[in-house]
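Pasting the structures in now, so scroll down.
Note that chain A is present in both complexes that follow, paired respectively with chain B and with chain C.
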Partner chain A sequence: MFGQIAEQVPLFFNYHNLVFLLQAAGRTLAMTIIGCTVGLVCGFLIAVLRRSLSIWLLPLRLIGIAYVEFFRRIPFLVILFIVLFVIEPLVPGASLLFIATVSICLLSTAFLSEVIRAGLESVPPQQIEGASALNFNAIQTLFLVVLPQSWRVILPPAAAFIVMFIKDTSLASQLGVIELTFAGKMLVNRGFSPLLGFGAVLLCYFALSYPLSRLAAYLEKRLASP
Partner chain B sequence: MHHLEIRGLSSAYGKTEVLKDVSLSIDKGEVVSLIGPSGSGKSTLLRVLIGLTPPTGGEVFVAGDRVDYRQRKQLRTLRDKMSIVFQQYNLFQNMTVMRNVTIAPVKIKRRPSKEANEAATRLLEKVGMSDKHDAYPNELSGGQQQRVAIARALAAEPEILLLDEVTSALDPERVNEVLDTIRSLTDEGITMMIVSHEMAFVREVSTRVAMMDDGQIIEYGTPETIFDAPKEARTREFVSKILRH
Partner chain C sequence: MNYTFQFTEVWRELPYLLGGAAVTLQIAFITFWCGAFIGIFGALAKVYGGPISKRVTSYYVTFFTNTPALVQVFLLYYALPDAGVLLSSMAAVLVGLTLNAGAYLTEILRAGVVSVRVSEMEAATALGMSRLQLLRYVMLPHIAKTIYAPLSNFFVWLVLGSSLAALFGVEELTGRAINVSTASLRSIETFTIVAMIYVVLTVLASGSLALVGRLAFRVKAKVF
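This part shows the complex of A and B:
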């Protein structure tokens, strides 16, 4: 087996294959970055909405809760297929990459919203009372007092989820999106040793997620209050 | 006209009535202390006054103007004139001492930050915390945090200052530094309401004392009357129990 690998290595690492793998890694990265950015923004909005006590926002609050509770409970693969069959008739010609990205946004919004909510709730209510006694409004209380104290609780699980989403994008291969896992499969189908093909994919996943973990650790240090 | 007038004020947590028909008038510059056993509604009264706990009935007048606690705008006007210091200090954990004291003047009252910094420096000197401008609350002792909290409340230039058991969470040897700070405020013309178990202190600084029990004010008078010649049996019992320590 190792003889075969040694023989294939020079063939495997040619310009064409490397570009192919890099493009696939790019798709994986793009799906994750877009999915998590949308997830952080929408998740934050839902988490804040769920805290509001205003009667006018009650319907929106209920929708937010239903959304989070629903989407946290379906497997990602199922979300992928539902989105596929909903979007295809609505947007004819929508690319598979687009469909996979929308699915990740749906999933990450639900999970990150829970992470952010737990973070906001970790701030003692006395901090909020102190702020309202000083005439802070809800927005000022959120951005000056609550959020700065929530980072310490939000960041570690959020980073873990984002690393998990990087790996979850591999399920998009089931739709036919040529991301890393699918690329590995194609290389193996071309006759390369599975150890070589998927080994290269493994390194790519690690190269994508390791810097992210480091970034999260750095942010944790920078943003977390003393 | 009274500076602060409370008429028939009630409040409840769920179905439990914690304030029952409380009435009290306080003139400008008075220092009124609330005494009484735990759970008698002293802290709740202060929380209702500053709008942290909604009243279920009754009226509050500040300088003759009725306060409607359901109106956000009236609540804002009220909190411009009234500050509270909490038992657990409630300093913002994510801000330095200096920022804790300047944030409301700068962000809420829109004062120039230079002016707010100068005022904060003065106030922190007054409470004896000049050397801790850049410390974070969790780096300070309870007594130090409470003195910063007093400076923060004063930075809002309140006409009425509420002090809610400000020494109860402190180590015994830290109590006096906070009491000294409060004592130095009593001749500045700020109307104060103090909830405290420090009877010697209450007796010394108060112009009048209200004895509360079971959500009601059962006796209201000068410190001499309350401590030396209380009319109510319940007051007599409470005072004698506490003073025996």
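This part shows the complex of A and C:
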């Protein structure tokens, strides 16, 4: 077994394979970055919406709660299939990468909204009462009082979840998006040893997510409230 | 764009799908307990072990928590036959998910091991507590408070994570959903119902775990 692998190593690490893997890693990264950006923005909106007290926003609030609970409680693979079958008739000719990115956005919105909500709730209510005593409106309270105190609670778990999304994108290989896992499958199908193909892919994933998880650990230590 | 939803064909397959849910729970159970077994040793090694065992466990944890479980199982399923070990798809999924869960559980359990303070143990011994009393009244409350909520969250995460077994042909909930949708061609309906089953499954799991935690360990865990 190892003799065969040793034979394949020089063949495996040629220019084209490396470019192929790098492109695949780029797709994985692109899906994660878009997903997390959309997730942070939409998750923030849902989290803020869930804190609002106005009776007019009640239906929206209920939809927000239902959305978050639903998407946090079904596997990413099922989200992928649902998005695939819903988007295909709606947008004919949508690329698989687009479908996978939409699924990641849906997932990350749900999880990051929960993280942000926990962060916003960590601010003591006296602070908000103080702000309303000073005649701050809702937006001023949010941006001048709540957010400056809660971002340090939000950031560390958010970074940890982003690591989770990088790993979740591997399931998009099932649709046929040429990201890292699918690239590994293709290399193995081309005749390279599975240990070599999937091993290289594992190392690529590790290179993507290890710095981020170190950052998460560092932030947790650094931003911990004294 | 007009699509008529037809749930009748999928409803007929509901018992079949629920059987898949049972398989999903089995996978989650087995991997959770085997992973916890690894996790206990990992956590003890990480806190009390010598320099070598500390380093080995931390390599294990970093590697398995920073790479996707799917590729780990791929590696087991396709690379091990080269070494002469043939795993069935179910076995490969169980081994892969167990190793993966072991890494996460090492981290969770480590927090529990750290939460017991030596000074408190000494105080308990000074009060003349027996070993059993020490475990019951001093160690357990601390450990339960730190690890119960993350453990039950992790179990729910495993229920969802076990869906990757479908990609290896294991007939758990997602795998059976794929079967039903290819047979009936009612994909949206099938996956909507399966998503609902997953929601019910995880709500039941986290609800009952929160109840057990409250009754047995006086831990207040959130369901939602």
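Quick note on the criterion: the second predicted complex is superposed on the first by the 212 of 226 C-alpha atoms of A that agree within 3 Å, B and C clash if a C-alpha of one lies under 4 Å from a C-alpha of the other, contacts with A are read in each partner's own complex, and residues count from 1 in each chain.
Quick note on the criterion: a contact is a pair of C-beta atoms (placed from the backbone, for glycine too) under 8 Å apart; a residue touches a chain by one contact, two chains touch by 3 or more.
In this text the structure is predicted, and so the values were computed from the model without any measurement.
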Touching partner for A:182 - first (chain B), second (chain C), both, neither: neither
Partner chain in contact with A:161 - chain B first, chain C second, else both or neither: neither
Which of chain B and chain C A:69 touches, first, second, both or neither: second
Partner chain(s) touched by A:111 [first = chain B, second = chain C, both, neither]: neither
Which of chain B and chain C A:209 touches, first, second, both or neither: second
Chain C versus chain B, contacts on chain A by residue: C
Partner chain(s) touched by A:192 [first = chain B, second = chain C, both, neither]: neither
First (chain B), second (chain C), both or neither touched by A:44: neither
Touching residues on chain B, where the partner in the complex is chain A: 50-52, 76, 79-80, 83-84, 86, 88, 90-94, 103-104, 107-108, 136, 138-139, 152, 156
Residue ranges of chain C in contact with chain A within the complex: 1, 3, 62-63, 65-72, 74-75, 78-79, 82-84, 156, 160-161, 163-164, 166-167, 174, 177-178, 181, 187-188, 191-192, 194-195, 198-199, 202-203, 224
Complex contacts: residues of chain A adjacent to chain C: 1, 4, 69-70, 73-78, 81-82, 85-86, 89-90, 163, 166-168, 170-171, 173-174, 180-181, 184-185, 188, 193-195, 198-199, 201-202, 205-206, 209-210, 213
Residues of chain A defined as touching chain B within the complex: 126-127, 129-136, 140, 144-145, 148-149, 225-226
